[in-house]
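See structure below.
Letters A, B, C, D, E, F, G and H mark the chains as written, and numbering starts fresh at 1 in each.
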């Protein structure tokens, strides 16, 4: 399916990441947003509020993030493509409903423009310390997809991907921006709507009937969704449920359901994966970096190559599910891994796990509030090569 | 310091884990609890509500979990030992305030009687799938301590430890029970108060003055706490702050503060650690298990030993910070690791990371809603030994 | 026999494959279900245009039994979920059916804000004065001195007067009935199904197993008799006067019935006025 | 000169090492601070027995400037934090000072429940009709048709009438003043410092940088003049009548002043009655 | 299973009531609130161990369905049947 | 820095007002709401670029401190000083 | 035998959990054994089927679950149907004889009924049914001592009802002893 | 040189960010260069110091930050003090001459003042100060073309104020050209 031209602001623009994310959502077909203001994400919904009335969308500023995170799900079941937008403190409040979305397989996008944490922290400064929360923040087992853009252009492009993946896999997709990407202004090219691929809702092909199975999965483990109000008379619950959607309280139904919920992401991981690789062919040191840090390390790589050091960069664009296989492959040939993050160790642990002792791994941590100094990363690269 | 005899119900009792946790809190000196009912944790606060009026305590059932999780912190700053009690969905709602407690270094205990998740899941059945949430659930970087009891007696004993650690390190301590431990009744011996060691509040030795530094750390990186209303005129904020407690918005203060917050746990990890080891001397297979599963695997170990298989059990009682060093040591001698959990892989990833390829690791996952069949774990043990 | 052919009208509205339901003997929730079915029949609404949204609790289980598109959400959140659903599908009739703990304790903020915004949803709150599902903790309407597991020596918290709270928050329709008042309760439900805006009906209901047992108030029947004898109908009464005391009179009636533009109507008006033809109109609601 | 020796009384109550504060020229929050300092002086309360608790927002920064034990909590949560603090230290005077977005939007549930329980805290809400700190989004009191970044074509949401909401929730003292009414605002603060129970003072304040600029309402001074000319004092007015419209009259005054046992008093009474000497009494409050 | 037919000679309708014995939980609401006292609780248990209602005065049933409205277990309901022309004066 | 002394010959007190020029943000509240019109805004800027108040009618100051109550920047306040006995009829 | 698994099944309201509690308490507090009581909770369980499991052990009882009961006590037919297939070969099955019909009993099981409902009614309180069953079990199974069981009954029942409940216990105990004596004498 | 780092500093309200926006937009949309604008936000920044950073690059601008500006534009004294030490050797420093005093200028820097406030007042609107500075920079630094800058001004200012702002731009631009000519002629 192609994008609805009404929402697509074709042309070259000079936009910040927050605004580009808004335009991405519009292009992706999002017409309903519920949100609650919080720095540094507010500009996304502010632009939504300005743009929506002209494209047939509705934005409601809710009373809090909890309301936003469940209202989008009501709207998703009402047939809309939806998102909510927040930053760390709001994300913490939304955790219960991320689990609800995962459990009920509700397609929806959560934008987190990360700031310095924990707690109120540094509201106007960048951080990348909500990455593990994105994966583990809600109680119980579930899987989500998380993308991490590094430029306003990607805030546009990947927001569309985020919506498409949420529809394709019926999971909450975490769009993990950060303050520096959100507030950074660059050229953003918005293509014609005919060049934008949109994943339509996986609408059920079944007819309404007494035996209708709301959660009968297709081959890829994802079930189709019914329209509301069309006679299916389906039931959606956050309780453990069978394929009809009815609550059943036992370990067998639990195993069947939750296993599928995690497997539909784990088993489709290679299809979901988006990575970027820079000069890995001959790299002795692999720098693994995502989001804004993946741009900072370009400078490190440049400085290193200038010194004759064989350094390459591996960037997971989709951070969750983590590109396990690729890291394992790289672990077979690289001499060392260096992982800079604006946190005190999060994705680093995944890299360390997957490298499994085959090469030294070094974290370059940073509390956030600013970006890494590329030279600090270089120092660690030099150390591991010594 | 020894326990206040008023709260100590000396003697042998036949109690379930929830009730034992309540008695542990009383013995630990907890006199203020804010909570919101949720299965399977409600019995803790129900007993608190019955017991408190007779020991000079106050329990308030708040309007929701969010209120509970911050009210305890008001009371903690008011000089009380406090806890709140919940289960998965409530825990998800409390995440913002776990970060606040970490950031403001407020001693408090969060009891999570885990049930099957995600979302509403299986309210009355066990799970262990909130372990990673306990560590990563709030945004930003921080560290907590998490304990996992496996019997009513431990619900009593370790609740006291949880309170003591929260006072000692001024962190939120997660008390990770589960439905089966919470609703299991066994003998619980409550000793004389004179035999119960209580960690007193680390009260400041400084005098009130204009230069009073609220967050000047001691050698172990933990600052002392002032009494409220005594003229210190201190300021507490969830924003990044300097040692006076004043907000400062930059990366340097952030680095100094948050680095200390994580280091005060990481660097004291060996002092915090509590592990149990069973027949590890000659073990070829190390089963790593915590909480209720650490009892289930005793049966596996027994069955294995009967078959002549050299199997031992390593049980982290303090799960976070994870006993990294000990796992690394064991990785040097064991042939394989088997990690059964009531989830689809959480603590397992930590084990895999630390074993670092030196031995195969196998997860025995389980969706929750029941306990593992010890024979299923045995099967995996046999497989890895093949 | 002819009666064999006459099905209980509720059956076509319920998921009979899920019966028996979990509610206890003498529980009032089933009566609320009965009234709601009759109201649907009377109001002649297309059932497929109706969706039921519940939170968590004994009452919250209604969604699971009602054979319409139904949503059993999280504890306290049926109102914002319904807000999302309604906004996406203004043509549908969205009914929130949940308990007073769900709607007014943990969900209180959503309640007052949805009422303020006049979101076009119908909120029917089963008030049984306790958190029944979790075994009888003190709730936001628990009468002073009533016993609960978390108020084992009697509650000392002033309870909410729900109609007063609803009025002050902006609800367009506010009524209270007990499950004894089946006809009036049905009528109130017909009213709200036909009325645009945020409508609130408090349905006071027996909970013999939990609330009454703990407070030695007898079984369901005893409570229903109590309602018959101790309630006073006072339509149009000042909502200030509607406090409920343990064992005291229960004033019931329709208290508020006023007209205000719904959220989407107000939005439509504001945007049309300010944006003229740059505005792409969004549908505002059910044809009533 | 003698005047050099006479310090501005606020200075002994503020962290002067943190000046200048972040508030804009003509912002009303500083006036509220002034009034509160005078109220402390007048009520002759021991300052060390006072604690200020704020949430997040421009107003929320008050806690950081007030030289008492002060808590800058999370957005929307100063009331439950204060509830914990007050319960732990019933002898202290706990004052919540925060914005209307903080207290009534995200914090609305805590507001109504603390009022219902009659927790002995004093809530002073600076209502500037917008989320100022985050740059001017629509808030729970934003007048109909007012412009906000998230209501760029005018707000279409009915705002709360805060005194009405406070009354219906159970507050024992409810007043509204603007920052023009410095004497009355000070008096209201003296009142509440001396009154047990949940007391609520709405302080309407200019926000020239955000709210007024966006709504072309001039600077702080212009707004103060507006307050002078368009407010009407109506002590004891029915709280139902206190809606505020864009550019319309603002009714101010003391509306509610009633006596109810505080949470801890009610608890003490209930437990003493039911438990007799098994009850270990807990202190109930400030000596006033 | 058990039905009563109300005799409403003077009216156009007579009432019928239908009881689903095994669905009943014996709360007694139907018995109490039937305006014409058609019902009483059986002494016998149903299969679930409750005493369901039985019709004691079928003729009195008006088909008002109050029993149906009151029954929390959807175990009883009443309805009206047009009276056959020959029924008058029977 | 700048002070005005109100002449209140008939009263027991006279007013004084103190202005902290550099703390001022020039909102004009003090000028507007001084009941006796003691103040006006200076034409000069202070170091932060604002026009602070100056005293134009020191004698009129009653020390009522309304300026202090209104000043959002804690930059001005008034107070009363007992009038020396010799001041009467001055 | 160091480990005994007991399962008690019945309907909500029959005092199934309390019966388990008494057995566990007797073993754990008065017989110096280790005992673990687990129970089946459930919101769905309002008034429905319900069970208590007790593991009694001379050593520390590590594995807490009952998987194959050595002793099954049933007070309702559905409980019998549901649990009887789980028992160990040679298990002891005790049942209330007016409520349970013991068809398809697994081979090797020893099954004994007791008219506990009638006894309870004779004692004037139907609700002591569970205590009678506990007495019955105490007599027939060598798992808790009668002194321990008596103490545990006193500890576990509401104040003021000790006498009634002890009477019920003795009733069941004696009925059980009779059977035991008859068994051993043949 | 493929990468140019520009820093613009001043007070909140002076239009610092808008100036950066115009430069970035000119480069990114009309000169076909890559441009990245970053800015210092902060609740503390209400009316306080404030800065915009622009990196202009002929290639894809990967590293987004300004660390050592090639060009510094300052419109307030505090901004000058804070940022002047960061500049590259040989950097171009442009300042509003009535607001900024350029003491302690790092060696090798070329610094040029402009009476932009006066110009702005002459044009009748103090708020065009920033646009004048943009014109001034366009003339003196070889970073964006004058055509691109003009288009970007039109794009970036409120509708109806294009003419005023273009006038301001030209004012700064010409003043800059004069200096440039003088410089190159000596």
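One rule holds for everything that comes next: a contact is a pair of C-beta atoms (placed from the backbone, for glycine too) under 8 Å apart; a residue touches a chain by one contact, two chains touch by 3 or more.
All of these numbers come straight from a predicted model, not from anything done at the bench.
Considering every other chain in turn, the ones in contact with both chain A and chain E prove to be C. Fewest steps needed to get from chain C to chain H, stepping only to touching chains, is 2. Chain pairs C-E and B-G differ in how many C-beta pairs are in contact, and the one with more is C-E. Separating the CA-averaged centres of chain B and chain C is a span of 39 Å. Per-chain CA centroids place chain B at a distance of 60 Å from chain F.
The distance from the centre of chain A to the centre of chain G, with each centre set as the mean of the Cα atoms, comes to 55 Å. Multi-chain contact residues of chain B (touching two or more other chains) are listed as 39, 53, 63-64, 66, 89, 96, 100, 119-120, 123-124, 237-239, 249.
Touching two or more other chains at once are residues 23-25, 72, 74, 105-106, 108-109, 113, 140, 153, 263, 267, 271, 275 of chain D. Touching chain A in their complex are the following residues of chain D: 56, 72, 74-76, 105-106, 108, 131, 134-135, 137-138, 140, 149-153.
Within the complex formed with chain C, the chain D residues making contact are 105-109, 112-113, 116-118, 140, 145, 153-161, 164-165, 167-170, 239-240, 260, 263, 266-267, 269-271, 273-275.
On the side of chain A, the complex with chain B involves touching residues 66, 87-89, 91-93, 95-96, 99-100, 102-104, 114, 116-125, 127, 129-130, 132-133, 135-142, 237-240, 249-252, 254-255, 257-259, 261-262, 343-346, 349-350, 352-353, 356-358, 366-370. Against chain D, the residues of chain B that register as touching in their complex are 6, 32, 34, 53-58, 60, 62-64, 66-68, 70-80, 82, 96-97, 100, 226, 228-239, 246-247. Within the complex, the chain E residues that touch chain C are 3, 16-18, 20, 23, 25-29, 32-33, 50, 66, 68-74, 76-77, 79, 81.
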